[in-house]
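In what follows, a structure is listed as structure tokens, so that the remarks can point back to it.
In this document, chain identifiers A, B, C, D, E and F correspond to the written order of the chains, with residue numbering beginning at 1 in each.
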Amino acid sequence: MKLITAVIKPFKLDEVKDALKAAGIAGMTVGEVRGFGRQGGHTETYRGAEYQIDFVPKVVLEAVVDDSQADLVVDTIAKSAATGKIGDGKIWVTDVERIIRIRTGEEGTDAV
Amino acid sequence: MDSGDTAWLLTSAALVLFMTPGLAFFYGGMVRSKNILGMLMQNIFAMGIISVIWAVIGFSLAFGGDGPLIGNFDYAFVYDIATGPGMAFFAFQMMFAVITPALITGATADRLKFSGYAAFIAIWSVLVYSPVAHWVWDQGGWIFEMGALDFAGGAAIHINAGIAALAVVAVIGSRRGHGSEPMPPHNLPFTVLGTGILWFGWFGFNAGSALAANGVAAQALVNTHLAAAAGMLGWLIIEKLKTGHATTLGACSGAVAGLVAITPCAGFVGEMSPILIGLTAGIVCYLALQLKERLRLDDSLDVIAVHLVGGLLGTVLLGLFADTAINADGADGLFYGGGLELLKDQAVAAAGVLIFSGLLSYGIAVAVDKTIGLRVDSDSELIGLDQSQHAESAYQA
Amino acid sequence: MDSGDTAWLLTSAALVLFMTPGLAFFYGGMVRSKNILGMLMQNIFAMGIISVIWAVIGFSLAFGGDGPLIGNFDYAFVYDIATGPGMAFFAFQMMFAVITPALITGATADRLKFSGYAAFIAIWSVLVYSPVAHWVWDQGGWIFEMGALDFAGGAAIHINAGIAALAVVAVIGSRRGHGSEPMPPHNLPFTVLGTGILWFGWFGFNAGSALAANGVAAQALVNTHLAAAAGMLGWLIIEKLKTGHATTLGACSGAVAGLVAITPCAGFVGEMSPILIGLTAGIVCYLALQLKERLRLDDSLDVIAVHLVGGLLGTVLLGLFADTAINADGADGLFYGGGLELLKDQAVAAAGVLIFSGLLSYGIAVAVDKTIGLRVDSDSELIGLDQSQHAESAYQA
Amino acid sequence: MDSGDTAWLLTSAALVLFMTPGLAFFYGGMVRSKNILGMLMQNIFAMGIISVIWAVIGFSLAFGGDGPLIGNFDYAFVYDIATGPGMAFFAFQMMFAVITPALITGATADRLKFSGYAAFIAIWSVLVYSPVAHWVWDQGGWIFEMGALDFAGGAAIHINAGIAALAVVAVIGSRRGHGSEPMPPHNLPFTVLGTGILWFGWFGFNAGSALAANGVAAQALVNTHLAAAAGMLGWLIIEKLKTGHATTLGACSGAVAGLVAITPCAGFVGEMSPILIGLTAGIVCYLALQLKERLRLDDSLDVIAVHLVGGLLGTVLLGLFADTAINADGADGLFYGGGLELLKDQAVAAAGVLIFSGLLSYGIAVAVDKTIGLRVDSDSELIGLDQSQHAESAYQA
Amino acid sequence: MKLITAVIKPFKLDEVKDALKAAGIAGMTVGEVRGFGRQGGHTETYRGAEYQIDFVPKVVLEAVVDDSQADLVVDTIAKSAATGKIGDGKIWVTDVERIIRIRTGEEGTDAV
Amino acid sequence: MKLITAVIKPFKLDEVKDALKAAGIAGMTVGEVRGFGRQGGHTETYRGAEYQIDFVPKVVLEAVVDDSQADLVVDTIAKSAATGKIGDGKIWVTDVERIIRIRTGEEGTDAV
């Protein structure tokens, strides 16, 4: 099993989710995060004081999938999350040794 | 002026002023979190710019002289007001002038360029609001002369702002993602808070319009409250029937619908009339939402369904429910033996405001859009108004 | 009616209305975030349903006729009110009728079925509130006749709602997880905001109950403020002694305790009495919390410890502190040479309301529970009221 | 007292009380989320402690007797007030006494030890506030006698609290991380809410200071509103020029600057003067922020730039703009043919308050710091006041 | 060392934490996330408009543990997080190459 | 590629970010989490009721870096996040099989 982690632009989440659904991915977990990267941040002004805000809001998406599906999932996310503008984010893949569905105790492919 | 009347008029002015921040939160709770400051700012900014304009020229254009179409410059720069119409009246009317353009911001949520908005409401206040206020409330104004009634601004405020909102939306178009992306309210408690403040302030708005602490004021206050209550119930009932749920946002929306509809009627009707007016408003404004869906119009926070439709409804229903037994300075509507006379006047008044404000508002919006620009660019909209227009974030962890 | 008195009564009515959204936020800040809209909705819904009931029948049952137990139908459907008791009085009393059942929602937080709640407060307002208001404030009411004093609703409102809260809790039981899971407040700033609004509005509640803009009203306003202040200090002192911390929630709770206790006394006591009453209330209500723990009763947001205990306390303390030098229409309490007479009357009044409201409220709650259902099912409670009852979310990122 | 005047004075007292929770949110929105309850608590606690002190001794020291420097004990323990100055006046003044020390909390944000703060404001209210209020508003007070004008507290409240804030900051030092870490506001909508409440309440503050519902009150209300509006515009214009953005926080700050500056002038100036005063205040207070940067002073939420500078500005500008055509009880300033007389008196009054309050406040702060401690330890500051001082969290998911 | 990641129902967090504590687990880190899966979402109504909300609130829990403890931890979570109803969540295990305690610089088993 | 995950004290984030930037790390992603560990929690009081709050606010920081940089990154974080007081947090390292930049489709070293 593989864990696919993708950091994407927040307003792209719905599109990515729909694309993954269409690609047959049944489950995923997402969280709100802040990213630091080439995109750079922005300045905010409070009573004349300017703050450099380095972090931009991002969404992180995690999905555990069968080895066989990993490439498809990566491609699907890459395609649906892209705007072509800086800050689109990253996808990375790590190996998962074991996965279990809490409700049933099923493991492996049956669990995702 | 009697000290009791002065006390009530000053209190009412304060209450009406408080409605603008209330409106800011009512709307602000409904936008997405990246646009909350943009929304709050547009509303409170009206408290700044419109007040100064009102002092310089707006009040004088509305309440100076007795021509049928517009006032004059007699009271410009706050000149002679204290010895003329009085500072309390000036103050009270100023708060109306402030909130009226602010009502528009609900329709145009999440996409107005701040500088363009500032220019728009400044011009609109002088060219549209002051004349219409003159028509309706000045003794010489043609609507007043004709005999149409507008106790606290059904035509002058709600129809006026409602049709202006429609005009501006026609110019700027829909929010990016409208109809495809969900855009649920980001903080409904803020909307409830805004509703509470609006309801509270509306007592000043309507009962203050008696311009005295007397029986008409008390009647107007009761009517205001009962219409808000019945508006809430009307909306919730039909919402429950249609969707299976009675929602908090529905309760707030219905109350505001009832408040809007009772505004022109507040000092002219009595007994169960406010409940019937409010109930009707709650139901009709809810149904008007569907219309919007069909028009594919992005009246983002339903200014048209609530203020335009509600204002029209109240203005017309007054032609049915007005009762001189309640207020001898009013008239009798159809149900109280007055025949169709008042109803006709009300319809003419509504139509006059609709046409004048609709056309002129559209023209001003186009002019501002062509020069300063009235809508933010696509990237700014995506980032949100808070950051793109004001370089601020509303919330920090 | 004098214009100054009218101005003050209308202002007071507006202030009291504003208390209900204030209460909504006071309670709403204390619930978990999944139940905030449910709480806000229960409160603002009272503004809708109770107002209409009050216009149709409630006011007439409370203030029509002069029987000892209940009014009549003379003023039903807002009939004859303008020429009789007056619309300002009607408006002012309406706001009391609205907030009283809303007080109950603090005890029953996070588990009421919305439809059952709606039915409960509608019935309760007619069967319980109107008669009790009649007893206490109508010239013919038995408590009024007996000579017991209740300036602004210690018995009619706080004891009444407090014991009703106890009755409803007895019927619906505790929140799921009560006593095992921590359920800390989700937004204490909202509770502080609510406290601010309540304190502000309470000036209308108590000082408005003078029904005139006179010295008694001014005294009542000062007493209200000082009792709130002293209530805050009393609570904070004992809290600091017992837990080592003076908390923000404690400051708010103590202020409300002081406000509740001074309510029956506001126009009848003077000098340092309000400070003593408030201080006592802050301390006693804090100690009453412990009682709750022992009763294993899930009075979720402490309506009993604050409103029932505070209301009883104020009602009884008035028997000690009442002073005809302050208000000739009142009576002298034990400390001012009046002997035990007033104290006895106050106790009888309190007991009367306790028994009547307690039994009837329990009966209504059982009846509603058996028919419509008064509590949500376990899954709905887990998901939270916002989603299960209203299909809404309060907050979006 | 006339019922209309009483109605207005009671309403004003209520409005001024509401300003303190408003201030709490104005400041509270600007602090980091770990300190929000600490900020709210410091403000509402002033409503508790100061009110009781005021009743016991503060009012009497301010308004008893006619000495030039301080009152006496005639009205201690609320004695004789009802038959003397009147409870309405007592109530109104009490609300001023409450909010004045609360103003300081903006400068000292995020680092005050709660017990030390409590002791400080209690002592400060008696030793600093009561005497200064006596000087300015009591017929015998030396500033009043001299002929300086302070309609609603430019010197007595804003200069007084502003210089005291500076003194306390000098004693406690800067926030940990000041100048190196960004500390952006955690909830700007709360700041906007606070601004709305402050603006609303300020009508009571200034127009209530007429102590009657008359033309002066109406004029004061109009001036208050126009100065707030112009203050907002002034700040936004210079901010836009300097940073390229007009911010929401800027709009709020400018409005408050305008309100502060108009406070001493409210009932003494007319026509376009409030707009000029407000505009100047918006610009000058914005520029005063830069000064702070240069002083490396951690006046965290700009009490000095807004209240001290704004208060000084208004006090001095009154020497230019005062006009007896507006208020015969006032005087003529330089621009209205009064020469330099008033200007000189205003300057002397400002200087007197600056020196007295500055020195005494510093002394009290040092004394409290040496005994109870006025600043939290470093770990408590890191964890935040909510948890370290009050064992609470403001928000839960 | 193994990293155990569990996505669970929010109201189960206290129970899971207590069970892990009882099982001798000294540390963990949790975050608020939203999950998409079989459980499905719900509809919300705003002024007559119905929204389908696909994501449901979940809590994600991460604990790095000794290889020897991994199975115990997985079992403990699985047991304490289960309600038997759909949406109970997943647990997955990945390999950790190195772990360090910031305060002391300790590594490996000493660091958890 | 390695994924470095660090759980640190929230007020240390700026320092850590600056140190990583100085060390040449171009990107990272951070989230708000709550930690349970030796540090213990605190008690909160609501109307006389005391709650034990077991979790303390932490920030989690994730950076995918070249194998060659992993040790440098771990050291940099460890140094800049340390206060020496309990609760400073953990850093752990896992293996990443693949990484892709969404905007360009670049993979591996080019993608971070």
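Definition applied: a residue touches a chain if its C-beta (ideal position, glycine included) is under 8 Å from a C-beta of that chain, and two chains touch if they have at least 3 such contacts.
Owing to the predicted nature of the structure, the values given are computational and were not obtained by experimental measurement.
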item: Any chain that touches chain D and chain C; value: B, F
item: Neighbouring chains shared between chain C and chain E, ordered by label; value: B, F
item: Chain pair among A-D, D-F or C-F whose interface repeats that of C-E, sharing over half of the contact pairs by residue number; value: D-F
item: Chain pair, D-F or C-F, that carries the greater number of C-beta contacts; value: C-F
item: CA centroid of chain B to CA centroid of chain E, Å; value: 50
item: In chain A, residues with contacts to at least two other chains; value: 31-32, 44-46, 53, 94-95
item: Per-residue overlap in chain B, given as positions that touch at least 2 other chains; value: 2-5, 7-8, 11, 182, 184-185, 187, 193, 197, 213, 243, 245, 247, 249, 391-393, 397
item: Touching pairs - complete list by chain label; value: A-B, A-D, A-E, A-F, B-C, B-D, B-E, C-D, C-E, C-F, D-F, E-F
item: Partner chain C, residues of chain D touching it in the complex; value: 1-11, 13-14, 17-18, 20-22, 24-25, 28, 36-37, 40-41, 44-45, 47-52, 55, 77-79, 82, 86-88, 90-91, 94, 114, 187, 190, 193, 197, 213, 386, 389-397
item: In the complex with chain A, residue positions of chain D that touch it; value: 182, 184-185, 239, 242-243, 245, 247, 249-250, 253, 286, 289-290, 293, 302
item: For the chain E and chain B complex, residues of the former touching the latter; value: 44-53
item: Touching residues on chain E, where the partner in the complex is chain A; value: 2, 6-8, 31-38, 54-55, 58, 60, 74, 77-78, 81-95
item: Chain E contact footprint on chain C (complex, rising order); value: 177, 181-182, 382, 387, 390-393
